[in-house]
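After this come two complexes, each holding subunit A, first together with subunit B and then together with subunit C.
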Partner chain A sequence: MIDNGLLVQMLIGALLGVSVYLPLAAGQLSLATPAFYAVGGTLAALLSTTWPALGAGADGSFPLASFLLELLLGGLLAGVLALLVGRLVLRLQGIYLAIATIALVEIVRVAILNLPFTGGAIGIFGIPQPFPTAAGYLLPALGLLALAGWVCQRLEVMPLGRAMAAIRNDELAARCMGIDTTRVKLTAFVLSAVLAGSTGALAAHFLNTWNARQGSFDTAVTMLAFVILGGSRSWLGPVLGGLLLTALPELLRPVGDVRLVLFGLVILLGPSVFPQGLINPGLLERLGRLGERAEREPQP
Partner chain B sequence: MQHRRQRGALRLAVLLASGIAGLALLGQQANPAAKAVPAALAPDGALTIGAVIALTGNANLYGQDQRLGIDLARRWSLSQSPQRPLRLQLEDGGSDEATAIAGFNLLINQGALALIGPTLSQQAFAADPIAQRRGVPVVAPSNTAKGIPQIGHFISRVSAQSSVIAPLSIAEALRRDPAIQRVAVIYAQDDAYSTAETLIFQKALTARRLPPVTVQRVQLADNDFQIPITAALQLQPQLVVISVQAVAGGNLIRQLRELGYRGQIVVGNGLNTPNIYPICQRWCDGILIAQAYSPELDTPINRSFQRLYQGVRPGQPPSQIAAQAFAAYQVLFEAVQRLQRRGGLAGISLGQAREALMAELLGGQYDTPLGPIHFTPDGEVVQGRFYVAQVRMDPGGRSGRFALIRNATAPAASPPER
Partner chain C sequence: MIDTLLQTLLNGAASGGVYALVALGYTLVFSVLGVINFALGALFSLGGYLTYLLMGGAISANGGLPGWGLPFGLPFPLALLLAAALTGLASLGVERLAFTPLRRRNAEPLLYLITSLGAGLVLVNLLQMLMGAEGYAFPATALAGLPDAVVLGGARIRSVQVLLLAVCAAAVIALTLWLERSRSGRALKAVAEDATTARLLGINSDAMLRLAFLLSGALAGLGGGLIGVSISLPGPYVGIGYGLKGLAVLVLGGLGSVPGAIAGGLLMGLAEALVPGEASGWRDALAFAILFAVLLLRPTGLLGRRLVEKV
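Here is the complex of A and B:
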């Protein structure tokens, strides 16, 4: 059964999925999410273990206010980094952007591995805990996801979101219509980074330890799988993909050694059965129409 | 259309949110620590020992040996006519932090009395605090990083720290060739174990007035080592000291020999598994390694272990990793039996049983395949004997063995942490 610890991991997966989705909603295949996730996590791990002003207790406890402050700072630092990097890399498109962002992930990973204060390969451990049990992390993770979902849902009707959709459909046409494509793409990139940074800060506390391996190219591939399985046309796709794909290896434990084979099969078969992802515009439309039919039916 | 889609998304979001809320409620299961421990003779009298071992990911080379070691210990324990039967529940801990945490949570929620694992030190830093907070004893079979027992009172290990073992092989290399002047060091810089171990090697070298002429850094996932090897060989080393994990290490040694190095090679604990033989084949021959276990130790318990091992893998000597996993299960088994004999498990809750077991575990003396061991009050293992071995490959170069060349007595007690 799904215990609260696993549920928190699933929510972290969903948050990272949304973070990959945001640039994708503006047509940009960016794999930089793990880099920002690692930045946020490292910042939280460093602050909570080395800065006494945050109030980490000798018994490993941590004030909730400091934890929330870290979520904010993690997102902020990642956002600033994204602003600086985004100006450069967003000039690239398609596969070139993907490669540039992979390079960013590698740079951040190697930097964290070699910086004198990030603990090298062992990383930072003994991260203090704001909650006595894993269940405590549910609320901040859900809150973050609700916030991200609200922003994404609002984006669909806001000029910014419309501009992102226009760029995704045809960047050149969008520019001809007078959309400042660079600004729109950069905004999506920064939003994605802020979300990943905050998620990293949350994950650092949840995992008790943080090291350079948390944000690697492998993580980027896993996050991309969330979006591909879930669907990239709605923010709910990556949420569902992240929840399912994080839970699946754990739920498959009873089958024993072949569980990762089955997991691989799901990743392989999912996109071939649902080419647009589990959550596609058609499904959403049917869902939206459900009530209408019922209202109409009584009238002959 | 857009409007409908928006409404559909909203409905789906509400559906998902209520699903998550439902899962959160269902996940709030009763803590099994409050349940009473059943009587020994009751039909459900067996107590569960959980093991979280890397069966997938890049640490699975160790995990497979650990699974075997634990299973052999379980079979051995059945032959000891236990007064309190134990049940083993093995879960895959993967090679990452999240999977190890999930494995620990699962077993603790299912009421495991104690846990064995996880395989990697990095995983231990993530998963052990959970067991500590919930008061579940953990015996680590292979965590050698600094600071593992210090995670808390409930965390202990049977794997001696590399700071105790590693320098012994350097001493052996210098005994064989006292004229060594130039030493090259190679290590995997993205691996917690290797970076910690290489510092110990380098400290031991410096203590003998042999500061390395070069320190080359490689990555765990590398398989082409020509650049670091060429750089090292230009300085004409007479001894090469390597700290990497098994797969990379096998390739590294092979390429080192292929590129013309003829001197001695000392390797660290990452290569302490017969699984490297198929990788570096005949090029493995002659490498020196200090071990916490020797198949050639002649004690009754090691002979029993060997006999069981030969039944599963005929003709192969057991590895240190398997022996340490055996020891991890053995110490838990013996501690539970002692507790049972003293009546310490009668009429208490699972939470109290976990606490009692931890105290019993730390207080005992154990005769394991590793030799006699006991624990310091904070859970660090104190091991009396260590071994220096040399790899001897068969003429075909497909299989080989760690031949014991020296029996080293450990310092009176493990040096303190930090």
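Here is the complex of A and C:
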């Protein structure tokens, strides 16, 4: 039931979940991830279909080096955009920030729909493939996720990550302790955008076509649900949430039209059942204690 | 020239009125609960479909139920009101499923966002399942008895636009009068001001909250029915776009401000109407561009109160 294509989609879901998680780890509810995802994907789709120097073959093949370059460029462009926008929007608090980022998503969507070179409602299609089958995408997607996970894990012990946690707990108190809250929030926002941009570039090749619908309000909501249902206290939460909730509509396909209603019910009732997400502090603590015990026990 | 301008402005005011209805729907719940009900867009769709059904409109549900419809058809005004009332009841259901369980555990506000969006997702997909993804146009007899257009100061205006504007204005005036004058309206305002004090004064704040949800849903349903009759129902997702625009209007006017929601809605409708036809594809971005600019210049909205953070 789970084939390689779905596995890649699940990994993309996990990556986007981590992208929403990063600003949230600094207490900022940003829904801008779909905008950066769309920007990265559009850049990759445009470059690979129009720039011959990247070496797209007539048979739809694409050199691996160019693909990796695009992941880099997609992340870079999204990051630069986030740096510009973030300075403005991160002054806003709470629900105002969420709404401003929804506005950003809508502006980017309408721009991609109407710009003369992005293919309008049909979008860009025939994006060349660096890998002959879907299985080929597993490795780069896993690699990207491993990189993102490593960064998040490092953040737990780095001053930046500590500062993010402090802001999440109490922004005013953090500022009083001398934390440059604007810079920390901006860094988290840019990291989130870079991840979303690279993921978009990967998804554009994987999906083979790219259009404005890839980054819309609906996707923003679904991505936030990845984080909330998975658990927002550790990066493992959004990974789990992204994997499960991306697979769910596909696994429900046999039940037909009801599947999206069921998916909605999961999002509707999930937070009441698991208010702290599947991976919550209690669970992490128990796991941590298990780990400690294993360390303390003498090795045979 | 003046005629076309007048025409444009009236068209803008008509769609602005609908935005104001949606924004008021958000405002009612926000002022009492301090959170945004993201299911409102889906309730807007529901209102449109219910109005269509109650008027005896036939559905096909992707060919699953060809030509099926209610055995009776109500006249448009009655269908609109009944649909709005039913949408209000559905909104109570949303409150029950998406808000009450979280309120009981004092959950963080972020969770309301997810659950209300989930409720919206369920509603829209239920509509899609039961009514199908295809668009429906209201029967031409919906507004029988009304002339096609009225001439006002030399400008020809579709009478459905006038109707739209009139219904929106009536709803807004009725709501404002109710809030200012009636006992229950003032109780609602008291709960919005300070729920604890209101409870101490003997106001049932839970009942007021349910009332806010009921009215909020009814306003969205009214908007859906009006848009359905004046344009059409392009699909179950029709309300999502209006829900998002309403959100922009809400922030534009200032969260929780009733006059702000009305002024913001009119302003947004007029601004959109003034976008020239060649750039109509960009029209949908205008609301959000304005929203973006306003948030940056005046984060509390045009008529919003300044929130002072107490330490």
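Just so it is clear, the second predicted complex is superposed on the first by the 289 of 300 C-alpha atoms of A that agree within 3 Å, B and C clash if a C-alpha of one lies under 4 Å from a C-alpha of the other, contacts with A are read in each partner's own complex, and residues count from 1 in each chain.
Note that a contact is a pair of C-beta atoms (placed from the backbone, for glycine too) under 8 Å apart; a residue touches a chain by one contact, two chains touch by 3 or more.
Keep in mind that this is a model prediction, so the values were computed, not measured.
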item: Combined model on subunit A: subunit C and subunit B, fit or clash; value: clash
item: First, second, both or neither for A:T182, with subunit B first and subunit C second; value: neither
item: First, second, both or neither for A:L172, with subunit B first and subunit C second; value: second
item: Contacts of A:G270 with subunit B and subunit C, given as first, second, both or neither; value: second
item: Touched partner set for A:L113, first subunit B, second subunit C, both or neither; value: both
item: Partner chain in contact with A:S234 - subunit B first, subunit C second, else both or neither; value: first
item: Touching partner for A:V258 - first (subunit B), second (subunit C), both, neither; value: second
item: Dominant toucher of subunit A (residue count), subunit B or subunit C; value: B
item: Which of subunit B and subunit C A:A225 touches, first, second, both or neither; value: second
item: Subunit B versus subunit C as contact partner of A:R91, first or second or both or neither; value: second
item: Offending stretch of subunit C which, after superposing on A, collides with subunit B (from 77-85, 131-139 or 167-175); value: 131-139
item: Common interface positions of subunit A, toward subunit B and toward subunit C; value: 113-114, 257, 260
item: Residues of subunit B touching subunit A in the complex; value: 1-13, 16-17, 20, 23-24, 26-29, 55-56, 91-92, 96-99, 101-102, 105-106, 109, 121-122, 125-127, 129-130, 133, 145, 147, 151, 189-196
item: Complex contacts: residues of subunit A adjacent to subunit C; value: 29, 88-89, 91-96, 98-100, 102-104, 106-107, 110-111, 113-114, 172, 217-218, 221, 224-225, 228-229, 257-258, 260-261, 263-272, 275
item: Subunit A-facing residues of subunit C, complex; value: 35-36, 38, 97-98, 101-102, 105, 107, 109-111, 113-115, 117-126, 128-129, 240, 244, 247-248, 251, 255, 281-282, 284-285, 288-289, 291-292, 295-296, 299, 309, 311
item: Residues of subunit A that touch subunit B when the two form their complex; value: 1-7, 9, 11, 60, 113-114, 120-123, 125-126, 129, 132-135, 138, 142, 146, 149, 153, 156-157, 207-209, 211-214, 234-236, 239-240, 243, 249-250, 253, 257, 259-260, 279, 281, 283-290, 292
